[in-house]
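Structure record follows, encoded as structure tokens.
A, B, C, D and E are the chain letters, set down in written order, and residue numbers restart from 1 in every chain.
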Amino acid sequence: MIFRIMAGLAAFALPFSAMAQEKVLKAVMHADVRVIDPIWTTQTIANIHGALVYDTLFGNDADQKPQPQMVGKYEISPDRLTYTFTLRDGLKFHDGSPVTSKDAIASIKRWGAKDGVGQRLMGFVTALDAVDDKTFKMVLREPYGMVLESLGKTGSSIAAIMREKDAQTDPQQQVKESIGSGPYIFAKDQWVPGSKAVYLKNKDYVPRTEAPSSFAGAKIPGVDRIELIWISDPQTAMSALVNGEIDFYENPNTDFLPLLAKAKGVKLMKTGVIDSTQGMIRLNHLHPPFNNVKARQAMYYLVNQEDFLRAIVGDPKYYRVCPGLLTCGGPYENDGGTAFFKEYNPKKALQLLKEAGYNGEPITILATTDHNTITPATQVLIQAMREAGINVDVQSMDWGSVVSRRAKKEPPAQGGWNIFITTSGGVGTANPVLHTWIGAACDKGLFGWPCDPEIEKLRNAFGMASSEDERKKIAKELQTKAMEQVVYIPFGQWDTPLAYRADRIDGIVPNTGLAVLWGITKK
Amino acid sequence: MAVITDDLAPSPGRRFSLATAIRRNPTIAFGGVLLALLIVMAVFAPLFATHDPFKLSPVNRLRPPSERWWFGSDQFGRDVFSRTIYGARVSLIVGLSVAIISSVLGLALGLACGYFKRIDSIVMRIMDGLMAIPSILLAIALITLARPGLGIVIVAIIVPEVPRVVRVVRAVVLSIRGQPYIESAIAGGTKNLKLLLRHVLPNTLAPLIVQSTYVCASGMLIEASLSFLGAGVPLEVPSWGNIISQGKTFFQIAPWTILIPGAFLAVTVLAVNLLGDGLRDRLDPRLARRL
Amino acid sequence: MTAYIVRRLFATLPVMAVVALFVFFLLRLAPGDPAAIIAGEDATSEAIAAVRAKLGLDRPLVEQFVVWLWALLQGDMGVSIFSNLPVTRLMAQRVEPTIALTLSTLFVAVSLAIPIGVVAAWKARKLVDRLVMGFAVLGFAMPVFVLAYVLIYFFAVQWQLLPVQGYQPLSAGLWPFAESLILPSVALGVTYMALIARITRASMLEVLQQDYIRTANAKGLATDRVLLLHALKNASVPIVTVIGIGIALLISGVVITETVFNIPGLGRLTVDAVLKRDYPIVQGLILVFAAAKVIVNLIIDISYAFLDPRIRY
Amino acid sequence: MSAPVLQVDGLVKHFPILGGLLQRRVGEVRAVDGVSFAIAKGETLGLVGESGCGKSTIGKTVLKLIEPTAGRILLGGEDVTKLKPGAMWQHRRHIQTIFQDPYSSMNPRLAAGTIVGEPLENYGITRGGETSERVAQLFQRVGLRPDAMRKYAHEFSGGQRQRLGIAKALSVNPELIVADEPVSALDVSVQAQVLNLLIDLQEEYGLAYLFISHDLAVMRHISHRIAVMYLGRIVELATKRTLFTQPLHPYTEALLSAATAPDPRRRRTRKRIVQGDVPSPARPPPGCHFHTRCPYAIAECKVTAPPLIEVAPGHHVACLRRPVGGGPQPLSVSG
Amino acid sequence: MSAILEVRDLHTQFDTLDGVVRAVDGVSFDVARGETLGIVGESGCGKSVTALSILRLIPPETGRIAQGSIRFEGTELTALGEEEMKGLRGHRISMIFQEPMTSLNPVLTVGTQIAENVVRHMGVPWSAARERAREMLDLVRIADARRRLDEYPHQLSGGMRQRVMIAMALSCDPQVLIADEPTTALDVTIQAQILDLMIELKEKTGTAIVLITHDLGVVAETTERVVVMYAGRKVEEAPVEALFDNPLHPYTRGLMRAIPRLDVEADAAGTRPRLQEIPGLVPILTRPIVGCAFAARCELATDRCRATPPPFVDAGGGHTVACWEVTL
């Protein structure tokens, strides 16, 4: 009897399984897609989403050289003050409407109002006007060396081109729809926040013809459907990959790398040429005690990078001690200001803090509970601070709440904070202009709000420098100043290779920091 | 003159002997001894611990059990054995305080409900409402209202447990009220307060004690579950739920981080449950039906 | 009978009213300004005031409650703070896995627990009984999440027999659907099985002491008829009661099981919402779970009439 | 003559039956339906009847453990019907009770001495050491060793527990003891001990008993007067001797004919005069409740409820076919 | 008359926390075809355990037949396999119990409960068994039998339930019917009806009845022969008239004097004669009893009584008694 029912059910289920013939990429990212506006937030996951759905005018290639992406041809005036862009043919939004200059201009303006790199660029821009439907002009106040690099940026937030009406949304508000012109279409009706986001192949997408390299070159949608599945537990995600339940796992925990390396069908892949992640301890410059530079510098005595890296990564093969702010192994690595780092000495730290006026007040640290690198790093810092005898007020919360709370400028007692820890992508941190966390633009800067005009000046100078030697010199100066001001304390850098089922998928485009999924094909 | 009747009825020589007591109530003895050991371990945790349970030692992370780390180390290089021993404190504090507080509250409300109709109809509606909300859900909903901490966790576990105690006490009070010995006491001129204190209250204690052991076990499990979900005691407190929650990521390469606190939790709950089962069989066989 | 059902339905109203009141005050009792919570972290004070006005949070509490209740009765549970999606939509898309998990656990647990409980009672004090009771006591003490990881370790990781995580809808085929539910159902069901096996044994033991069982034995009836018809049918009322109580346990367990097995159901939504302090979702979930429990109780009550002819309404 | 120890006039006790959508009262169990009697000092009045006839309800009602629906209860001439529990307390000392079930009528967590001494404390008759002295005397009096005071109820046998119950009832020197089936749970040999004790005590202290039982033989042994009850009403009330030698109500006759006797020779000679079951007190038959089983019933019996009439001095009967002065002639079955 | 059931030296024991209870301690008796044997005694004397032992219904977890023989129509029941024993129960030997309220299964219809017995032992289909059940209900004079078949026990009165029990017990024409206190829970008028019915049916079917009761009145009115039990032992056995006319054992005599009587003419003054008491309590069965079990309460007891169990003495006419001090 029971068997008969089961047989009946099986027959009923058959047509469904036949439907499942379409090629589906099941990928687990480091986070869950909750916000669908890549401009509104710097969250990496929102930008992975954005990179699938939206296209960009330029795309930096693996060597961080900008290449035209949506732009067909462009001209730079000899005085390097006027840029004329012409969109290539065949660009259409997912709702069928063509991409026009107006869309591009509105999008750049919104991005330029919100994103750190964009703000810097827009600081130079005096006019941004449409010439015709496909052509528009950008006029600068003075020459700026990073125009195309900024537009082709491969880290958060990308300069995504939206429909004009979406781009006119207040940058402080999220766009409600996620309609772009990129290689994949966001299936909003199938989106289950907290569980999965679904993308369907954009059949009308016209890719470029060049070979893909990071954000540059052809973006060929390789599968019919991409499912970004959210598995919060890294072990579960790893097991799911080993078991073949998913195809792609963006950030396996380094502890699992030996297991993954052994697993049949699974391959590991380095995401880019330099280490993908740098750890950062961010202090709040607005409130005591860290409004005093002496107090900030005292914290250097509490950071032994090796301790942090061991706790996060474990295997020394995958991490690197790097006392500088600009990525070690990157083009602008230097030793400027690294002398601020001292031997681990909690007593000394407390003494210096006291000298800076600290008197045992609680120091509020935002401790995320659900992040596989930030959580352990925070624990290590708390331990060190406690050892020093600092009164630590630990606020445990999930990462999303940290992201919300770190934006609060109020004093810690009124919902603000003193310390939080975050990480940033290696490409971004390698370049002083793209590296927004190194900035010190006061209120306009990133959370923590370091404030030092000198630093900002140096960053501008870097952007306008004409030679590589000059850039390197400015970079060193900048790092020294930033280390002195303690814009943040780095605690090392590491790389997490991505893991995927080599027996099932192919065509992964490596890109440090922001996973690129469009090229992946399924066997 | 009436004759003095013979010896008293069956009361075969019951001199107390430990062996007999254990033979008759093996579950009480087993559960009780186990629990006592755990309590000793928790109270004297600093004496038993081999390491500082809070001390991070990233160099020694995820070490398997060995002479130095009896139960291995976790991902921060902390000693799992020492953390587990300290974790017993959290579980026992939560379990015991939940059991005691909800029993006291439940007893007061249950007596009131069983005795006064007006209070009964109001309080029981509220209890029914609270009972309609699954306990973990109710607990985590309450926890969202305040900053995480041991106190709020205990309160959040008590709130869903109290209605269960109230129901038991109320049912017992109602059934006691119908007992002939209550009528007998009333007929003998016993007044309300004395009736409550001398005849009703002592007879509710046995089922209440039994119930409170189950509440205690359930409290410990809920605490561990809440911590496991990240909604329990603050992360740096080494509760068993937190140890497991932090260790779950490394289960495949360091199973000791989950299995050892998990086993301690299971054994503690087991001990409390066995004690409860034994007490139930001993004190109140009628309760056996209701589990 | 109909009158009884109607009466019982009415009786659920005060219960749900208490739940609704609790849920309503949950947000109002939350630390800080509810409008600020809903408006989000970056909101300006004007934005917060706008939200307050829009939600009527500036009006008297009673009025707020009436408005809130009216919306609720029309199926409007508000909008999630974080994803800006309607709570009802978020819950609707997650109901299926939870129901599938609950029902499959119910099925697995009941269909295993009752037979072993019956056997244990029949062979009381024998080895089988001791094994069953041992299992029951252990199963009752075993935290779901520990058991779940052990199961995953062996069945999914070591032997690769079953998926580690995830949920496949029935539309993906019967086997994928069943496969994805086996481990979660077992992990979730063990406590429940222990509970039902215990009550089955206890209830059967009590029934087996009854005079009518002696009568049945004095008639020389076959053992299976005595056990399964004469005894089990009489023992069924407490068993069914505990199955009902256990469903509450299941709902609590679902929260953990879905988290461990990464099942996109209401349980995980709960955890996510709570950790993010997404109050509208938490409110909606409490209401839905409480309603589910009340309905289960109702069904259990009604089922008594079919199990025991003495019960008349 | 002094007022009767207990007088009951037209006592009614109905228990509501709830039902329907709103759980409204849809009917009632007429447990006691207009009962009157009186008990004199030192007298035993027996209440006999089958289960469901209301005899135990009468016992509880006169003790005011349940409130009567209608009628009057007079204790020593004082109307206690409407008294609230607080006011009733004064009177409880004079009316004590012995329960049927010696197992459940003792608080399992109290020592026997405490149970017996409780009324003494309640009424402030004795204090502290005095109490235990008095309790020891009571133990002695009912045939228990005083050193058993420290034991708990479950350590006593059934008969001994009944002795405890008697001691407790006796402790406040009541005038009336309501004894509800005090020996029906006891074995024959123990039953004799308890019955003898009750009689001794009555003679010693001049107690009155309201003795409730279903057992005619026990009733005949202990009572002075006997009231026979059927479905909430007294159908016959007479002295013991009259009732057993000249039963006038057909139901009394039926009870006597149905009772067994330890005499093998009687068995073939008796004729049983009733068949069928007792109707439910929730739906008693109209008219005379007994007409459904009465071999002598006439049409009128189905309509008219017969009043309890004194047909001879001290002999009351409620039967339409037994008019005043009808005498003890046998009735005949009529169409 | 040939004995259909022979019980010899039956010992049934139970394990309790206080030790082994010797509930039945060496009891022997015969039941002849078609006769009514009474077993009488106070609670705890082992009379019900004796009945359960015959059907081998002693719960195996705690109790056992430790010794002795039970022969039914020549077959040794103590040696029979469980399945064969099941074939016998409810078929050749059936039993009715004290509490008609609790002895019928509350969740099964009356018809099912009678018919399942018939199906089990007669191997007939359900329809035929139901028909048989209806006949049986007619036989025990339950009006409207066909409708009653589909009713549940709670819909019947106490008397009717006991009739149903009798119908069930007799449905397979047993040779022996064991009735354990069948009327104790019933009201006087109902008890009379049930006793009459049992006697009538016994005469109709020729089934032997073993009637177990504590009520001397019921024994006197119903049985032909009586076994008196005390503390797990048989103390006296006699034809019913002989027993009541001339009780020989001090316990039997004590019992007869302890009951209030209805049948003796009341004395004119309405005074209340003292009942004869049997002092003391029954012995505790977990302690081995040396000598006569009644010795502790017996006014005639001598040292011999306390030391050695008395043998049975034949007083003639099938009247035997176990007492050292009896004078014949």
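Of note:
One rule holds in what follows: a contact is a pair of C-beta atoms (placed from the backbone, for glycine too) under 8 Å apart; a residue touches a chain by one contact, two chains touch by 3 or more.
Predicted model only: the values in this text are computed from it and were never measured.
Counting steps between touching chains, the shortest path from chain A to chain D takes 2. By the document's definition of touch, common neighbours of chain C and chain D comprise B, E. Taking D-E and A-C together, the pair of chains sharing more C-beta contacts is D-E. For the pair chain B and chain C, the distance between mean C-alpha positions equals 22 Å. Inter-chain spacing, taken between the CA centroids of chain A and chain B, is 48 Å. Annotation: 50 Å between the Cα-based centres of chain B and chain E. The set of chain A residues touching two or more other chains comprises 233, 239, 369-370, 398. Within chain E, contacts with two or more other chains are made by residues 277, 279, 281. In chain B, 3, 5, 9-10, 230, 248, 251-252 are the positions where the chain touches two or more neighbouring chains simultaneously. Partner chain A is touched in their complex by these residues of chain B: 54-56, 58-59, 61-62, 75-77, 147-148, 230, 234-236, 248-253. Taken together, the chain B residues at the contact with chain D in this complex read 2-5, 8-11, 179-181, 183-192, 194, 198-199, 202-203.
By the touch criterion stated above, chain A contacts chain C in their complex at residues 6, 9-10, 12-14, 16-17, 20, 34, 172, 174, 176, 192-196, 229, 231-233, 236-237, 239-240, 242-243, 245, 369-370, 397-398, 400-401, 404-405, 407-408, 415. If you check the complex, the residues on chain E that touch chain C are 55, 57, 61, 85-91, 94-95, 97, 99, 102-108, 116-117, 120-121, 152, 154, 165, 168. By the touch criterion stated above, chain B contacts chain C in their complex at residues 125-126, 128-130, 132-138, 140-141, 143-146, 217, 221, 224-225, 228-231, 244, 248, 251-252, 255, 258-259, 262-263, 265-267, 269-270, 273-274, 277, 288-291.
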